[in-house]
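Quick one: the structure is below, questions incoming.
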């Protein structure tokens, strides 16, 4: 079909080109050049994305087929790109935020020597490429390609400074945990293949938007409830790996070992939302599996809460942000769990803005502090770095859910949906929101307020970062302020939720399904107002308290005790995993290697040889060298033969 | 005479020969015992030749066995020559006719 | 017929020649000449199916493509032996031409044993085959090992003769219907055979097993092969043993073929014992000569499969096996004779000092192991096909191949020594290795490989 | 042997070019000549097999490509045929040898003429195994492929080489002898062969078509199945017949290890697909559970052991065992999707593992060690090597867009369709694979360079070429595997129909 | 019980007893003499069976030539009772005896119930054993074996010569 969307292959292709140029020419290229290439390709594909977005907005969606990836009698997988509302939105986020972060990196990574600099951009481009593949993929396999691709890139980027082995460990941890996720994902896909014989979203995606119910009936006919629940749960396992949910979240905080822009791009804005994207993509299946939804909701909430509590006691500025990311992701899963797909996507977007903003801000701070990340050695930076300070404050307000900032709307949407399905969800959610507000401002306070607690030379190196860094901050700040306005709830403004309208086709079928299964009562405006009020007020209180407490924070060597200690040690989850998984595996492997393999199997094989040798030594003794003995044996043998022949 | 008598007689001689071969260590005696075994076979053949002469039709049937015995004697004579030569040679080299005396080849 | 008479006559010629030959090396050339004549005559008989001598032998011998082919092979192998080791025969003692004479007599006996048609000729053949061998074994008079070997060989040989005769007597007596020594008359149709014939059969079976050194009647073999002068060992383990097998299979195929089922179990037991004892005992041997003695027992175990399963494949296979096995073993012994040190370490680093010897030795060992592309493989293949086709006792076949694997173990120990170990002592060889010797070895190896590729070159003669 | 059917075809060239080249190699004296000559002949072989990919039409197996009657009265003939799978594997063979020779071009071997001669003979043997469509011929080549390897290993291997190689040889020899009995047994149940006139040529036939057609009762199939399977299992190797492999890989000269692990293990898989499955379908359906269970145990077992290996070679050896185990398990599911996966995986596994060996060889050659614990931070001074390795390593753990992904994906999904729990158990190996592979990459290449590793130089051009080709191959087949599927489509179809 | 029976039993007893003597007696010379007695007994059986030719040959060849040869050798080595190597190995002694005995036992047991039990042996009738008949057959039908056995003797002769000849 001669669709203008045919050109979408350019979107991932350009970053790939960038990767190749930077990768192959990293010895030759100068820093400016490679930085320019790296960013410009992203910009280019961003522009295309914008074009595509408007195409989609005018209702031009398509699955673009390029070539057969696998085409056998048993399985057909096209190398397809799917362009619809959902993917186009994500495309915008990825390329847009990605571009800003590239700009930012040009300055942030400037101290690296030029070939590492080029390498860094190569990896970034590669990441963007994979992420785009993930989002645009027209079926689970292409998605999985991107899925693994981003995992690889995050591995490479976390271990970017590979001289330090702790980085490598973090990288390995990330990759392995993701693999555990993939374990689930793949099983789900196999299950789909076994049952449906296809891996396209086609059967239950937007592509067949026309015969909605038809598709559902097909699915119901082919999949038992058990199948659906199983498949969705397994998919969710995959999501927990990628999107750092309980039980697989521990890699994300460690992943902060990577350069800050990486944390911002991969571990905040884009990659970690892959799980949400995937579930939103297969929304129908999930809607068909209420049990799974419930699981997702609970896991999401739990993650949100746990992560938030841990964040309370972290002193590494990036760690705090990391845990806040985890807990925000928890929100999104809550949203998915309660079926508020739009809310989830909405929060993904806003979160992308403010979390990227916060990370880049933190990065700017760290940059200024000369690599110092411990907040206890910071403080009073606001007079040194005004722009960073302002933008960071905006970011904090946003994440704390202050109206009219972006997160207010998205979070509100989620909480409302949660309340709809089950008030308990809402209570926990709000609680988490308060905690979030608190630790964010603890962070803000310890960093920017009070007086400086670092060393002297650090102090007189303090300076505002260059424009390449501040510019993205400003843009992101603006976005995170206004970004939420595309999703203004009905109560404020009729038809204000343009996002909902925009994404409607994607989730149409699930909504229809939900409606058909259990028609829910729309929340009354009053309750909705009440809910908002509670969350806002609570958050405000938390902010104020935190502000007072930490604006005059003093470094104290006092060891944390009780709950504080547990939180500081992240609920000892890592230790726990070590004890129940890593250690046993190592010892079992050791046992197999040293005992079963060497002594057991190989021992047996060699034993046969030994046995032959031994019996040889014994048989020789028959040959006594004495004729009489020989003939005696002969006669005895004769006797035996006779007996056999004559009497048996 | 029933044929079985001859058979048992021959077997007896044969077995005695075997026992001698097994139990004696003097090479010459062993060799003589072997001769005894041969003779047992001879006797048996002759006895059979006579039964066949009785049963079978042809006039000459059974004679082949006696011819065979003759050839056995021929061979025995030849064997004795060689055998005694070997024993004498060994005696010359070792001054012993004990079959277990030479025991270099074993295992 | 030609072969028998010519070998006998030429034996006598050699005997008298001993008086006239001045040069020690003269007898060799005469012997080779005579052998060539015999071969030509025999081939003529094989092709033309007619003999130079018209004697009324009353069907006491039969000449068909089967046994004539075998005789040809035996004569050719002997020729090869003379060519390779003629000078080593001269080294044994002073009575060179007598040795050759005896060898000719042995060949005569082998030909009779291969062509016998009555038990009388079988008996005479075996005796004519054995008695010269006793002498050849003893021929190294000063060497006590030689003496011991000779004594053991003689005593046990005579003992087995007694057993054979007892068996023949019973076979004759038990066969009341057609009393005769002609093996065709021994064949008394299907059905249970009379007790006396059964006894006779067992006696004969034992005697034949003794001749082909099948366990548990093999005890003489290792000591005799070890004690005898190596040239004659090489002769005994190959041609003589093969002749024994031909006699064995002819007797049991023609006389007792119909009652196969009634004695197959015995053969199965003997075969299994032979395979196990031969192979396993060989593993631990340090002296290559003795190891080859045991390996010859092991190979006999494989050949016994042909008697276990008497069928077309068995008949073709035994001849093929005789050729393959004889060629390889003669070649190997020819190399061994050149060594001063008969232990496996003696072979260390042969590859460096004597690449040709090393290579050919490897080919021979491959053939003995039964690696494809060598005659040995084809021979074993035929044997296995025969045994499997027979359809009884599959365990025996499995055992056979497992033993073949064991045999790989000890054969390859030599190969390891040849190629992968460093020479322990530099002067481990008689350096009188002539180019002709090497060329002959190479020809032998080539033959083995050619037969390995086209066994039909031999087996076709059986269908001639 | 009537002349009209003596026509030289691709299969012949594939067998005889390396054979003759190998024999000629023995004659050369100068090392350089030897190397260039053998490289040249390998390239020729590669060209031939490339041509064969294009010019021989894509059709299912049939023994009639070329048929020189070899031993008429026992019905053996020198018949070879080139179906899809054969073409794939011969291509693998043809590709791998030039790579190996190029990568090890700088290595010094004493008596290099013998070394390379034997190497080429091995190639000939392998080609024969993949091409033979006559059971006896198959057995011939099956054995002949081992012999040169035996010599190569015990002559040029590590210090414990003799024991290891000896074990390897006896082990495989025993297996193949058992198979020989199996072959004979089936042979005796084949139909008689008649010539055009209808006259009897031989009672039975070794031709593969006759073997497929042999009537075998269920009990017969059952024990024949094991006779054949053990031989193939030892070769692959499948747990618990694998213990020869790590020692042999460790002790062999790396060039030979590449041949062994890259191509020779495929002999076992090939044997199963070409002979075992079509001959004994009932037995396969009877025993598939047992075999698959063994394989799956083997997968986990080998992966776990690999986690604990400190020696690079042993690590790769065990990872290879795991991969092969997966292929074996999948083959016995007789699910079409899995079978398609196996086909292309046989090729890709070869490429990847050769790549890994090359890297290890380069490290060992330069630093003289291959203990993971003694290495660190190689990446600093050898970035290109590192990049190559990382790519190959990730291909080894089947990252998408690398060649192994598609194959393993389809194999797992075949296994899943056969039995969910086996699939789950086997799938754990992808996690373990990630663990040990990344461990290796990290410990050896990342981190601070220790004094030993600091001495490493960047790899030379010929090595870069070899690795470069491999990396390119990894990506090309990873992104566009379709040609491989098309190539082996016929074989799979032919096979699957037997189990429908 | 006619005279034949009596002779039969007498000769049989003689043969067996003297055979046992051969095995049992310490002194080789006695063994030889006992063996000669045995041969005479066997010849007597031949006479009973009317195989006169064989009876004669047996006396001449065995009792005459062979045993005298033995006697010579024994004398040559002047062996006597105390030079006789005693069988120290009890296992072989008893084992051998038992083995031989049980061999006899097994065969007799097997033959007890054979169909040929009632076959009779023609004693002192029939003329196949007469010298003229055997001679005729020997030089007509059996001329080939007769000739070929000369090879046997030749080789035996050569053997005796080269083995016992003193090395120059």
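Quick notes on this structure:
For reference, chains read A, B, C, D and E in written order, and residue numbers begin at 1 within each chain.
Here is the rule we use: contacts are C-beta pairs under 8 Å (C-beta built on N, C-alpha and C of every residue); 3 or more make two chains touch, one makes a residue touch a chain.
Here the structure is a predicted model, which is why all the values come from computation and not from measurement.
Each step here moves to a touching chain, and the least such steps from chain D to chain E number 2. Chains that touch both chain A and chain B are the following: C, E.
When every pair of chains is scored by its C-beta contact pairs, the maximum goes to B-E. Most remote from chain A, judged by the distance between CA-atom centroids, is E.
We define each chain's centre as the mean of its Cα atoms; on that basis chain A and chain D are separated by 38 Å.
Taking the mean of the C-alpha atoms as each chain's centre, chain B and chain E sit 6 Å apart. Distance between chain centres (mean CA atoms), chain A to chain E: 104 Å.
Note on chain placement: the centre of chain A and the centre of chain C lie 79 Å apart, centres being C-alpha means. In chain C, the residues that reach two or more other chains under the touch definition are 120, 124, 127, 131, 134-135, 138, 141-142, 151-152, 155, 159, 163, 173, 176, 195, 198-199, 222-223, 409. Residue positions 3, 7, 14, 17-18, 21-23, 25, 30-31, 42, 47, 51, 55, 61-62, 64, 67, 71, 75, 78-79, 82, 86-87, 89, 99-100, 103-106 of chain B are each in touch with at least two other chains.
Touching two or more other chains at once are residues 609, 620, 623, 625-628, 631-632, 635, 638, 642, 646 of chain A.
The set of touching chain pairs reads A-B, A-C, A-D, A-E, B-C, B-E, C-D, C-E, using the touch definition from the header.
Against chain C, in their complex, chain B makes its touches with residues 3, 7, 10, 14, 17, 21, 27, 30-31, 34, 37-38, 40-42, 44-45, 47-48, 51-52, 55-56, 61-62, 64-65, 67-68, 71-72, 75, 78-79, 82-83, 86-87, 89-90, 93-94, 99, 102-106.
By the touch rule above, chain E contacts chain B in their complex via residues 4-5, 8, 12, 15-16, 19-20, 22-23, 28, 31-32, 35, 38-39, 42, 45-46, 49-51, 53-54, 57-58, 61-62, 65-66, 69-70, 73-74, 76-77, 79, 84-87, 92-93, 95-97, 99-101, 103-104, 107-108, 111, 114, 116-123, 126, 128-129, 133-134, 137-138, 142, 145, 149, 152-153, 155-157, 159-160, 163-164. On the chain C side of its complex with chain A, the touching residues are 151-152, 155-156, 159, 163, 195, 198-199, 201-202, 205-206, 210, 216-217, 219-220, 222-223, 263, 265-266, 269, 277, 280-285, 406, 409. In the complex of the two chains, the chain A residues touching chain B come out as 620-621, 623-628, 631-632, 635. Of all the residues in chain D, the ones that touch chain C in their complex are 71-74, 136, 139-140, 143-144, 147, 151, 154-155, 161-162, 166, 169-170, 173-174, 177-178, 180-181, 184-185, 187-188.
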